[in-house]
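What follows are several structures.
Next come two complexes built around subunit A: one with subunit B, the other with subunit C.
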Partner chain A sequence: MARLIRTEKEVEGRYTEQWVVVEEDALEQWPEGPLHTVGRPAPRVDGLARARGEARYTQDLRLPGMLRTAVLRSPHARARVKRIDLGPAREAPGVRGVIGPGDLETLTNEPNYEGQAVAAVAADTIEDARAAVGLIGVEWEVLDPLLDAHVALERESFVAEPRRYERGDVEQGFAEADAVVEAEYRTQSVLHNALETHQTACEWEGDTLVVYTSTQFLWGVRDEVAAEFELPKDKVRVICRFMGGGFGAKGSAGDYTFIAAELARVTGRPVHCRLDRREENVNSGNRNPTIQKLRLGARADGTLTAIAGEYLCLLGWDGWLSPTAGPAQMLYACDNVATVEYGVRLNAPPMDAFRAPGFVEGTFGLECALDELAAKLDLDPLELRRRNHADHDPMDERPFSGKQLMECYRRAEKAWARRDEVRARSEGPWRRGVGIATQLWYGGGGPPSYAWVRLSGDGLITVVTAMQDIGTGTRTAMAQIAAEELGVPLERVTVELGDTAHGPYAVVSGGSSTTPSMGPAVRAAAADVARQIREISAQRFHVEERVLSLSDGRIVSADGGSWPLEEITGLLEDGQILGTGARGPNPAGMRVMTYGIQVAEVAVDVETGEVVVERIYAVHDIGRVINPLGAESQIEGGIIQAIGHSLSEQRLLDPRTGAVLTRTLDAYKLPTIADVPEIVSELIDVPDAHLTNLGSKGLGEPPIIPTAAAIANAIRDATGADVRSLPITRDELLQALREAARRERKLEQVGAPSA
Partner chain B sequence: MELLRPDSPEAAAAALGNGSVALAGGTEVVPLLRDGILHADRLVEVREVLPRGVEGTAVGAATTLAELEVDPGIPQALREACALAASPQLRSMGTIGGNLLQATRCWYWRLKFPCYLHGGEECHAKAGQHREHAIFGNERCASAHPSDPAAALVALGARIRTSARELAVADLYRLPTDDNREVTTLEPGELILELDVPSPEASVYLKAMDRRKYSFALVGVAAARFADRVRLGLAGVAPVPWALDSADALEAATPLPGTAYKVDIARALIRRAVEAVGAADAAAT
Partner chain C sequence: MVELRVNGSVYRIDTPVGRTLAEALRLDLGLTGTKVACGEGHCGACTVQLDGVPVLACITLAHTVGDREVTTIEGLREHPLVEAFVEADATQCGFCTPGQIVSAAALLESSPSPDSEAIRHAMAGNLCRCGTYPKIERAIHAVAGREKGG
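Showing the complex of A and B:
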C-alpha cells in the first residue's frame, strides 16, 4: 500500500525533511554473498557501444539546422559593464541570434568572477559565433577584486552563514588530554575536467522544450529550466543517454543550458552551447580551497578527548558550504567537539560539488592530524583509529545502519604489516614509507525513485527509468538486479534510461546515491513482474503459486516441474507483463554511512622532492556489492583522481587580477597512467540489514576520500616531514623536508646537554 | 590564411617573413595561431623540404623527436631529452628544428597578459604565480624555456646551420631586452636547416617534472663529457636554455620566492648527471 511519510532526505550531507509517498518495501533481502548475477563481475552492458563510438553523447548531437554558440565571458574578476554594443555581432556573417544582459538572469552586466557570462551569440558555425563575440563592444569599469581569504573573513564576506557545531566541552577535553596536536592544513582548488565538457542542445517542439544535456540529474535540469522559462515542468523534456563524466559538476542546468534554450527560442532553431576546454577549466565549478586549523587532544591510551576545528572554505562567488567538518564530527567517538565552517565569498569562480565535497578536504586535515597525534603518543596509527571507533553516530547517538569499519581495519592489517619491509627498501635519496587513513561518507540514497519493468512475448526484459548513467556502470548494475530477481541471464535484460519523457522519476547521480536509490526500485519492479508470472503460471500449469520460482530463464515448481519462461510470454503473443517499483524509505532513526580505509606506500626522493606512489591498498564497506567488476573500477578511478589531487593538480589564480592561470591541460596537471600505482582493492560485501531490499550503498565517492591523507602520512613515515598542504608538489615537499631537518637540529641541540 | 608549399629549402626561406610563418610539425605554431599570440597571413610548409634524418653528426631540422629518441647514432643526452619531452603523439609530429624555437609555457604570456615578453612594462609572474619560472636570467622576464632537447644540445655543444649562417646552439638564444623582446636571434626570413651534434664520450639528460610523464621540465639537466671536460645545459631555469660550468654556478642563481626549490633540484640533478657521465672525480659539486 502506498504510504505518505515525512522523511529525512540526504544528498552529500545536506539533509532536508520532505513528504514522500513510498511503497512498503515488502521484499526480503537476498541472502549474503554472490548470487546468480548480483555479486558477480559483469562487464559493462554498454561497454562495446562506448568503445566502438556508437554511444551518442551530447557532444555528438547534430540536429538538423542546429546553431552553435559562443559566449562573451567577463575577462575581469570584478567589473561593471558601462556600455555594451551587441549591434556589430548581430550584423556579423552567419549570426542568427544575440542575447545580452537583461535577456536572461544568467547574463550579467556586473560580473563578480572571471568567466561569468555576459552575452551570447548563436551562429551557423562555431567560428562565426566566436568571431561575432569578438565584435561585441564592451566598455568595462574594472573594480578591485576581493581575493584574499583573511580580508574576506574580516569583512564577513560569506556565501552562507557560518556553521557552528559543538558537543561536550572542548576546553575541558583539552585539559584532560595527555597530548595535544595543533596545526594548519590547506587544500587547493581542483577542477573536474570530465572528458565531455559541460554542454546542452535545446530545441523547441511545439510548446515543449527538448533539452539534450550532459547531466547527472535529468529531473533537476527539468525543474530549473521550467522555472527559468515559466513552463509547466512536463513541458520540459530532458535527455541524456550517455555522458562523458561529471564528478559532481553536472548536477544543475548551468548557464550554457539557459543560453541554449533562450537562443533556441529567439532563433526558432536548435541551438548547441558547449564549453570549450578553457571555459571548462574556468567556469564549470571547482573543488573549493580550504584552510583548516585543527587541534586534537587525547589521553595517553589514545582516547580522543577533544577535537576543535576552524575551516575557511573559499567558495568563490557562489556555491554552498559542503560538510568539511563532517569527518571531525562523525568519524571518531569523541565527547568534546567544536567546529566552525566559514563559506568565504571571493571574486573567484564558484565552487561546485566535486566527488565527496567537504569530506575529501576535511578528511585530509583530520587524518593527517590523527597521525601526528599517534606519533606524539607513540601509538600505532591503526590502533589509535581502532581505539576511537564510533559504535554509534557521535552527533546524535543514532545507531549506524550497517557498519563494517572494524572489519575494514582487520583486513587492512596485512597491508599495514608491510611497512617494515617497505621502509627497508629505502636506498640512497629514495626513502620509503607507509601511511593509512580512514574514511566515512554518506551514500545511502533514498526515495523518491521509480522503475518500470516490461516483459515481452519473446521473453526479453526491459527496465525503463528516467535516470542517467554518469559513467559508473549504472546500466549494468540495474540490469543485474532485474536479471537476478527474474531468474534470467543478464543478456536478456535491456535498460532504457536517459529521457524524462520515457520513464519515471529517478534520483540524481550524485552523493553516491544512484545504486542505493534506484536498485531497490528496479528490484521491486522486477519482483512485480515475477509475481505476475507466478500467478499466470499457476493458472496455466495448474500448480499452486507458492511453489513456483524463477531460475535460469525457467519457471520452476518445487514439485519438480519446470517450463521455459517463453511458454508463458509466448502465450500472450504481443501481450506484455508490466511491473512498477518504487524506492522504499530509509530505516527510521538510523544513520546510513559508508566506510573504508586505505594504505599507501610511497617512495620519496628527498633531494629532488619527487613522490612516487607505489601501491594503494583499499578496503571499503558499502553493504552488498552488485557488480564487483564495476566496484573495482570505481575504487581505481577514485584513487587515481585522488592521486592527482594529492600530488599534481591545482587551479592557480593570479593573486592580483583573479584570473585563472591553469586553463589548459598542460598547465593543469592531471595524473597520467604513468602516475598510477598498483591498486589492490577489497570490498566487505555484507548487506546492510536495515537498508532497503538490497542492503546496498553507493561507491562513487568513498574511494577518493582517504587517499590524500594516506599518502601524506606515508610521506611522514618515509621522511619525517609533515606535509600539511595539497598538492604535495616538489616545492611543497622540499619545504616540508627543510622544516623537518630544522626541527631535528633543534631537538639535537636541546637534547645534547642531557645526553 | 594561405598555405604555401615551396619545393626547396631556398624557396621556403625566400617565402618567409612579411607575414609568412614556417610550419613544420605544427605542435607549437598551430596552438599559438589559435590563441592569437602568433599572427600569420601565410603558412609556409617546410617539413617536406627540410633535411630529415641523421647522417653521422648531421641531424636534419625536420627530423622528429620520435625519430631521434630511438636513433643509436644520437648522443644519449639528446635521445633522453627527446624521449622525456611531451607525449608520443607530439613527438611523432614535432621536429627538432621547431622544438628549438618553441615558446615559453609562462601562463601569463600564454594568456596574453601585457607582460614584458609581450612588449609590456612588467613581468606579471614575479608578483604573481611563478612556481614554474626562472632562477637565472630573470631580471626582466622570469619565464622558463621549455625545450628539453635544447638543453641537451647546449651541453653537447651542437651547432646549427641556417639558411643564412652557422652558429652554436647557445647563440640561437638571447635574453629579452628593452629594445628587443625576442628570445632567439633567428631573423624573420631565416630557416634552421640542419644541426651538427658532436659525439661526446658520455652524456645524460635528467628531468624533474610535476608528474612522471608528459610535463614540461621544472628543471632539466643535460651533462656531456668530452675528454675531461663536462658541459652542462639546463631547461626550465631561465628564459632561454642555460649553460652552466658546474654546480657551483648555482650560487649565482637569482630565484624568486616561489622558485628557490628549483636551485635544490638543479643541484641534485647536476651532481647525478656529472656522476652518470663518469666524471665523478672532476665533479664540481
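Showing the complex of A and C:
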C-alpha cells in the first residue's frame, strides 16, 4: 500500500522536509559481502560505446537545420550598457536571430561580473555567429568593481545572510584548554573544467520544448526552463544520454540553455548554444575561495575543548553558502563550537557546486589546524583524531546511521606506520614526510526517485529511469543491482536513462546521492518483477510460490527442480512483465554520513619549493559497495582532482578589473598523467543497516575531501613548514620554510644557557 | 574542394578554407568520435594520427593535411586498446577517451613495450578531468604486455 509520509531530504548538506509517497518497502537488505554481481568488479556496460567514440554527447548532435550560437558577454566586471545596437548583427551574413537585454531574464544591460551574457546571435555557422557578435555596437559605462573581500564584509555585501552556529561555550572551552592553536587558512577558486563544455541544443516540437543538454540533473533543468518560458513542466522534455563530466557545475540550466531555447523560438529552428573553453573558464561556475580564521583548544590528553571558526566565502555575484563550517561542527566530538560563515558578494563570476562544496575547503583548514594542535600537544595526529571520535552527531545528538570511521583509522595504521621509513629516505635537498587527514560528508540520497524494470519474452531485462550517468558508472551499478535481484548475468540487463519523456523522476547526479537514491528504487522495481515471475511460475509448475527463487538465469525451487527463465518469459511471446520501484524514506531521527581517512607521502625540495606527492593511501566507508572497480576509479579521480587543487590549480582574477586571467587549459593547470602518485585504496564495504534496502551511500565526493590537508600535513612533517594556503605554490612554500627556520633559530636562542 | 584520406577511405569535401581538421571530421564527415574540448591545442581530446603521428586536429587546418593518412578513433575501433580501456575502467565520462586511445595506439606503434615512464611521457598531453590516469596506464601496460607475451 502506498503511504504518505514526511521525510528529511538532504542534498550537499542542505536539508528540507518534504512529503513523499512510498510503497511498502519490505525488502530486507542483502547479506554483507560480495554477492553474485553486486560487490564484484564490473567493467562499465557503456564502456565500449565511450571508448569507441560511438557515444553521442550533446556536442555531437546535428539536428536538421540546426543553428549555432555566439554570445556577447560583458568584458567588464561591473558596467552599464549605455547604448546597444543589435542592427548590424541582424544584417550580417548567415544570421537568423539576435536577442539582447530585455528578451530574456538572463541577458542583462547591467552586468555585475565579467562574462555575464548581454546578447546572443544564432547563425548558420559558428563562424557567422561570432562575426555577427563582433558587429554589435555597445557603449559601456564602466563602473568600479567590488573585489576586496574585507571591504565587502565591511559593507555587508552578502549573497546570503551570515550563518551562525553555536553549541556550548567556546570561551569556557578555551579557558579549559592546555593548548590553543590559532591560524588563518585560505583556499583558492578552482574551475571544474569538465572536458565537454556547458552546452544545450533546443528544438520546439509543437507546444513542447525539447532540450538536449549536458546536465547532471534532467528534472532540475526541466523545472527551470518550464518556469522561464511559463510552460507546464511536462511540456519541457530534457535529454542527456551521455555527458562529458560535470563535477557539480552542470546542476542547473545555465544562460546557454535559456539562450538556445529563446533563439529556437525566435527562429523556428533548432539552436545549439555551446560555451567555448574560455567562456567555460570564466562563466560556468567555480569553487569559491575562502578565508578561514580557526582557533582550536584541547586538553593535554588531546580532548578538544573548543573550536571557533570564522569563514569568509567569496561567492562572487551569486550562488549559495555551501557548508564550509560543516567539518568543524560535525567531524569531532567537541562540546564547545562556534562558527560564522559569510557568503560575500563580489563582482566576480558566481560560484557553483564543485564536488563536496564547502567540506573540501572547510576540511583543509580544520585538518591542518588539528595537526598543528597535535604538534603543540606532542601527540600522534592519528591518535588525536581517534580520541575525539564523534560517536553520535555532535550537533543534535542524533545517532549516526552507520559509521565505520574507527575501522578506517585501524586500517590506515599500516600506511601511517610507514612514516619513519619515508622520512629516512630524505636525501640532499629532498625532504620526505607523511600526513593524514580525516573526512566526513553527506551522501545518503533520498526520495523521490523511481525506476521501472521490464522483462521481455526473450528473457532480457531493461531498467528504465530518467537519470543521468555523469561518468561515475551509474548505468553499470544500476544494471548490477537489477541483475542481482533477478538472478541473471549482468549481460542480460540494459539500462535506459537520460530522457524525461521516457522514464520516471530521478535525482540529481550530485551530492553523492545517485547510487543511494536510485539503487534502492531499481532494486524495488526488479523485486516487483521477480515477485511476478514467482507467482506465474508457481501456477505454471504447480509448486508453492514461497519455495521459488531466481538464480543464474533460472527459476529454482527449494524442493528441487529448476527451470530456465525463458520457460516463463517465452510463454508470453511479445508480452512483458513490468515492475515499478520507488526509493523509500531515510531512517527517521538518524544522521546519514560517509567517512574516510587518507595518508599522503610527499617529497619536498627545500631549495626550490617543488613538491612531489609520492603516494596516497585512502580508506573510505560508504556502506555497501556495488562495483568495486568503479569505486576504485571514483577514489582515484577524486584524489587526482584534489592533487590539482593542492598544488597547481588556481583561477586568477585581475585584482583591479576583476577579469579572469586563467582562461585556457594552458594557463589553468590541470593534473596530467605525469603528476599521478601511487594510489592505494580500500573500502570498508559494510552495509549501513539502517539505510534503504541496499545499505549503500555515495562515493562521488568523499575521496576529494581530505587529500589537500593530508598533503599539507605531510609537507609540515617533512620540513616543519606551515602551509596554510592553497594551492601550495613554490613561492609560498619557500616563504613558509624561511619562517620555520626563523622559529627554529628563536627556539635555539631561548633554549641557550644565559651568559 | 579538398581530398582527405581517412581511415582507409578517400573523401572529397567542399569545406571552407580555415576549417580545422577536427571540425572537418566532425561536421563534414560526421566522424564525431574525435572530440573538441578546448579548441586551442591544450588538452589532447581531438588527437588523431597523420601517417601514424599523433597530432591535435583542432589546431590542424583541413587544407594542410595533403595526402597524409588520417586515423581517427573510428579507424581504431578494433584496436586491442579499446577493449583494454574498458576492462581496466580507463573511461569515466569518456569525453577524452577517444583521444587517449589514439595517442596510446601511436605510442605502441612506435614503442611496443613502453615502461611507465615512457607511457607518462607520451600521454602527458592528453588531459582527463575525471582522473582515469592510473587506469589508462594499466590499460596500456595490459596491451603492451599481451603483445610481448605472444
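Keep this in mind: the second predicted complex is superposed on the first by the 753 of 755 C-alpha atoms of A that agree within 3 Å, B and C clash if a C-alpha of one lies under 4 Å from a C-alpha of the other, contacts with A are read in each partner's own complex, and residues count from 1 in each chain.
By definition in this document, a residue touches a chain if its C-beta (ideal position, glycine included) is under 8 Å from a C-beta of that chain, and two chains touch if they have at least 3 such contacts.
All of these numbers come straight from a predicted model, not from anything done at the bench.
Undergrad: Between subunit B and subunit C, whom does A:Pro671 touch in the aligned arrangement: first, second, both, or neither?
TA: In the superposition, A:Pro671 contacts both subunit B and subunit C.
Undergrad: For A:Gln735, select first, second, both or neither according to whether it touches subunit B, subunit C, the two together, or no partner.
TA: first
Undergrad: With both complexes superposed on chain A, which partner does A:Arg656 reach: first (subunit B), second (subunit C), both or neither?
TA: First partner only.
Undergrad: Could you say whether A:Gly589 touches subunit B, subunit C, both of them, or neither, answering first, second, both or neither?
TA: Once the two structures are laid over each other on A, A:Gly589 reaches no partner at all.
Undergrad: Tell me which touches more residues of subunit A here: subunit C or subunit B.
TA: More residues of subunit A are touched by C.
Undergrad: Taking the superposition as given, does A:Glu607 touch the first partner, subunit B, the second, subunit C, both, or neither?
TA: first
Undergrad: Examine A:Ile639 and indicate which partner it touches, taking first as subunit B and second as subunit C; both and neither are also allowed.
TA: second
Undergrad: Should A:Gly87 be classified as contacting the first partner (subunit B), the second (subunit C), both, or neither?
TA: In the superposition, A:Gly87 contacts neither subunit B nor subunit C.
Undergrad: Is A:Asp276 touching the first partner subunit B, the second partner subunit C, both, or neither of them?
TA: In the superposed model, A:Asp276 contacts subunit C only, not subunit B.
Undergrad: Taking the stated contact definition, name every residue in subunit A that is touched by subunit B in one complex and by subunit C in the other, in rising order.
TA: 664, 666, 671-672, 674
Undergrad: Which part of subunit C faces subunit A closely enough to touch in the complex?
TA: Touch list, subunit C to subunit A: 16, 18, 26-27, 30, 32-40, 42-43, 45, 72-74, 77, 82-83, 85-87, 89-98, 101, 119-121, 123-137.
Undergrad: Please name which positions on subunit A make contact with subunit B in the complex.
TA: Going by the criterion above, the answer is residues 429, 607-610, 612, 647-648, 652-656, 659, 661-664, 666-667, 669, 671-672, 674-675, 729-731, 734-735.
Undergrad: Quick check: in the complex, which residue numbers of subunit A touch subunit C?
TA: 43-44, 46-57, 59-60, 62, 127, 192-197, 242-245, 247, 276-277, 470-473, 629-630, 632-633, 636-641, 664-666, 670-674, 676, 679
Undergrad: Inside the complex, what are the residues of subunit B that reach subunit A?
TA: Subunit B reaches subunit A through residues 105, 107-108, 110-111, 113, 124, 127-129, 131, 208, 210-216, 218, 258, 261, 264-265, 268-269.
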